[in-house]
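Worksheet: one structure, shown below.
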Amino acid sequence: MAYTFQFRDVFAQRDAIVDGLVLTLELSAGVIALGFAIGVMVAAVLVYGKPWARRIAAGYVEVIRNTPLLVQLFLIFFGLPSLGLKLDVITASVLALTINLGAYTAEIVRAGFESIPKSQIEAGISLGLTGPQVFRHVVLLPALRNVYPSLTSQFVLMMLATSVVSQISAAELFHAGSIIQSRTFRDFEVYTVIAVLYLGLSLLLRMGFSVCYRLFFRR
Amino acid sequence: MIKKWIQSVAVVLLSVGLFGPALADRFEEIIAKGVVRIGVPLDVPPFGSQNVNREAEGFDVEMAGMVAKALGVKLELTQITGANRLPFLLTDKVDIIISVMGLTPERAKQIMFTAPYANTSLAVYGPKNLNVKSPADLGNYKVAAAKGTTQELALSAANPKANIMRTEDDATAAAAYLSGQAQIFATNSIVAIDLAKKNPNKEFDLKFNIRRSPAHMGVKMGEHTLVRWLDSFIFFNTMNTELDRLHIKWLGRPMEPMPAL
Amino acid sequence: MFKRLVQCIAVVALALGSAAAQADKLADILAKGVVRIIVFTDVPPFSSTNVNRELEGFDVDLAKMVAAALGVKLELVSATAANRIPYLLTDKADMNVAAMSVTAERAKQVMYSAPYADTSLAVYGPKSISVKSGADLGKRKVAVAKGTTEDIVLTSLNTGADIMRMEDNATSVQAYLSGQSQFLAANSVVVVELAKKNPTKEFDFKFALRRAPAHITVKLGEHNLLRWLDTFIFQATLTGDLDKLHVKWLGGPMTAPLPPL
Amino acid sequence: MIRELSGTDVLYLVMAMRWTVFLTLLALGGGSVVGLVIAACGASKNPALRYLARGYVGFVQGIPLLVWLFIFYFGLSILGYSLPPWIAAALGFSVYAGAFLGEIWRGALISIPRTQWEAGTAIGLTYLEQLRHVIIPQAVRVAIPPTVGFTVQLIKNTSLAAVIGFVELTREGQLTTAATFQPFAVYLIVAALYFCMCYPLTRYSRALERTRRVAR
């Protein structure tokens, strides 16, 4: 069967698409930064923390990684108000995504920490480095270098996963697409445009991460 | 020379392949095959939902049964969602969509709508103490509405500045209103009445009616025989009061006269 | 290599383009991004030129609405009563929004959409004479433009009244204004305009000859475009946009729901 | 019209898990085939093959899974190839899972020290023979934990197959929500069911990882 693609109606609403693209970028950037920070902290607790702290951190990682992101989002957006905490759409979105990414990041970074042999840390201490110095130079940076590919893959996945917040009406890229789709019924055109934009975003992100790699790890 | 020859063959092949003899008429095809494939929603009660035993039921589901019976063919129901109903129709995976679709000229550039078969009205609800009487009064209140529905389209058009929370579906919009994430809820009057019954401590005060919103069936662009048959079917069932019976059964009130398409 | 690629693309594009052009007028309009619509230049309040020689009126506004709903640019084609159908048939325009009412004769050449404007043909006169039907006219004089629908209907009533068949609308109006005839048979819309310009003369409504709604017309066989226009009119009726045009140009809201086509 | 959430609903939600499992198996099956090819290319000495594998992974991972399912079910229909939903799902998931599994397994392959390859060459094995007898047995141990980890993600991602008509756990949840208007309660049940499927796998992968570390 033949289908004639008509992009006019979709491009007529490019403002909405651009706004969505911007929000997706902002969400991704914010969530990746926050999620990374949380992930590193939780990973540190998982590997070097006290047993009780370790157990809490492990519980957090398991619960988040084994349940769907959508459910976590719903709990925060619809569940918290019954406890008296009403977050707006963007705050709830950022919170849910950050908590989710934090767990995945923690799991990846933990593997990185564990790849650093104990002897290296001892060597660092014997060289007279302080605790934070050891953590930074001997543990964190090498660990991150070891897990860099899986870490950045996870970040790209998170960028794609931000589309889930369209369910609670955050006007990001996917939301913009489905609004246009429901108005114009031009499903194929809308999905094509959205797919190309996501692909572009993820390629950009990957390029950005490989630049970062060169900046941080190849002096 | 050969290059030119190849080119012209390519042109012929292309035009034959892509725009060759028009496909057989869909209406005749349905009769010949003895099966009509109809897409209905299962997530839009009272038009289509699953009962507790997972059987499809609702206005649209019953309507689909009537269409198949009147055509004298077997019914093949396909459950569709807002996100995939058009692709299902456009790629010939269903013949007809019966899914409380509201018509807009913009959508009509892509598919053809039949005469209206169901009469619903859309309204805006909220707590008693809010003084809202028209779209202009919405101000900064957050209004929950399922995205892409007629209520959302109409409200967006009536007041482009309204703070509309476009949720995934009606149930999510209801959750937003019930949890207090939105102050106002735009939905079908039938849904609001049902919800009010189930949530007696939440106020569902009618603020204003958005507009009437008849539902239409949809067929693929160009299927004129089929759309004409469906128009006749709807006309016939209006005259013999079958549509009225469906309205009373599923929507709880008789049909009002509907504008003709 | 590159050249061949370009050639190939050109061939495909051509095949697509030409096929689309033949396929269907609606697809054609959407592909080109322009809709060409025929309107009158001299029939206020439907379409006439203002002091700046810009076209304005009911039909012009409606044409703009059509283009906006299609999401394409509008190209107005001005025509007269005589050449509006030839323009359409020779593809100088895509559709006709020139206050055309239905006759079986014209329907052999063009297809009519659902009606969009509510006008009626009626007999008008001074308040002092009580006339409620054709029979009440007695042997009084009624001015009418010859060959118009008013003329045809009035003649068929066989009232015994003295029908003054004038050359055109302007002269029949002149006959009434000057007192040569006691009554005037004309389109309600024209009379509204006349009454405004001649406040001293009474234009009292006596009885209706028939309703004469205006329709959009397209070339025979353009079913997709026609179905789209019907959908557009359905929506404009439902949202009240058509009513707004009636108030703006015809001096009052639609009297009753327009009859379906 | 709106009904109460009942025990029967929970039962049907539990039963919907079978589709989730079926789709996951489908994805793992197809994904393994694609993944093996991608991993082999990605770890090969030929730079063209390596770029090909990298390009495939970047491209596939850059497009949301939903779109892949769309392409195979609706997109192919436009071109005239109409596939039954489960084949379209199998293809879409294979392409998608293949990229992730390929990347994971490539990592496992290249984590095997060069010297192992060289030893293989020294005793006259071809590239494929080296892979089969020397490298893969070692790489499997490295690859299993992340593979299981990805399976957990896959289980949750099968929910996207709803767009081509599958009523698996998430979609069943949506349908129940629509009929009961209780998204909150329904999704909590759904979350619990996902947890029941995923957590044992996660535990298993943990255990595997521990034994591997001990073995090293």
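Here the chain labels run A, B, C and D in written order, and each chain numbers its own residues starting at 1.
Methods note: a contact is a pair of C-beta atoms (placed from the backbone, for glycine too) under 8 Å apart; a residue touches a chain by one contact, two chains touch by 3 or more.
The shown structure was predicted, so the numbers you read here are calculated from the model rather than taken from an experiment.
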Innermost chain, taking as reference the mean of every protein Cα atom displayed: B
Computed distance of Cα centres, chain C from chain B, in Å: 32
Approximate Å spacing (C-alpha centroids) for the pair chain A, chain D: 19
Distance between the centres, which are taken as Cα means, of chain D and chain C, whole angstrom: 62
Whole-Å gap separating chain A and chain C, where each centre is the average of the chain's CA atoms: 60
Multi-chain contact residues (two or more partners), chain C: 16, 30, 71
Chain A residues counted as touching two or more neighbouring chains: 1-3, 6, 9, 74, 78-79, 188
Chain B: positions in contact with at least two other chains: 18-19, 83-84, 87, 90-92, 104, 106, 109, 172, 175, 179
Chain-chain contacts as defined at top: A-B, A-C, A-D, B-C, B-D
Touch list for chain A against partner chain D, complex: 1-3, 62-63, 65-71, 74-75, 78-79, 107, 114, 149-150, 153, 156-157, 160, 163, 174, 188, 191, 194-195, 198-199, 201-203, 206
Parts of chain B lying in touch with chain D, wherever the complex brings them together: 42-46, 49-54, 78-81, 83-84, 87, 90-93, 169-172, 174-175, 179, 190-191, 194-195, 198, 250
Interfacial residue positions of chain A with respect to chain B in the complex: 1-3, 6, 9, 74, 77-79, 81-82, 86, 89, 166-169, 171, 175, 178-179, 181-188
Parts of chain B lying in touch with chain C, wherever the complex brings them together: 7, 10-11, 14-15, 18-19, 103-106, 108-109, 112-113, 154, 157, 211-212, 214, 221-222, 224, 227, 259-261
Complex contacts: residues of chain A adjacent to chain C: 4, 6, 8-9, 12
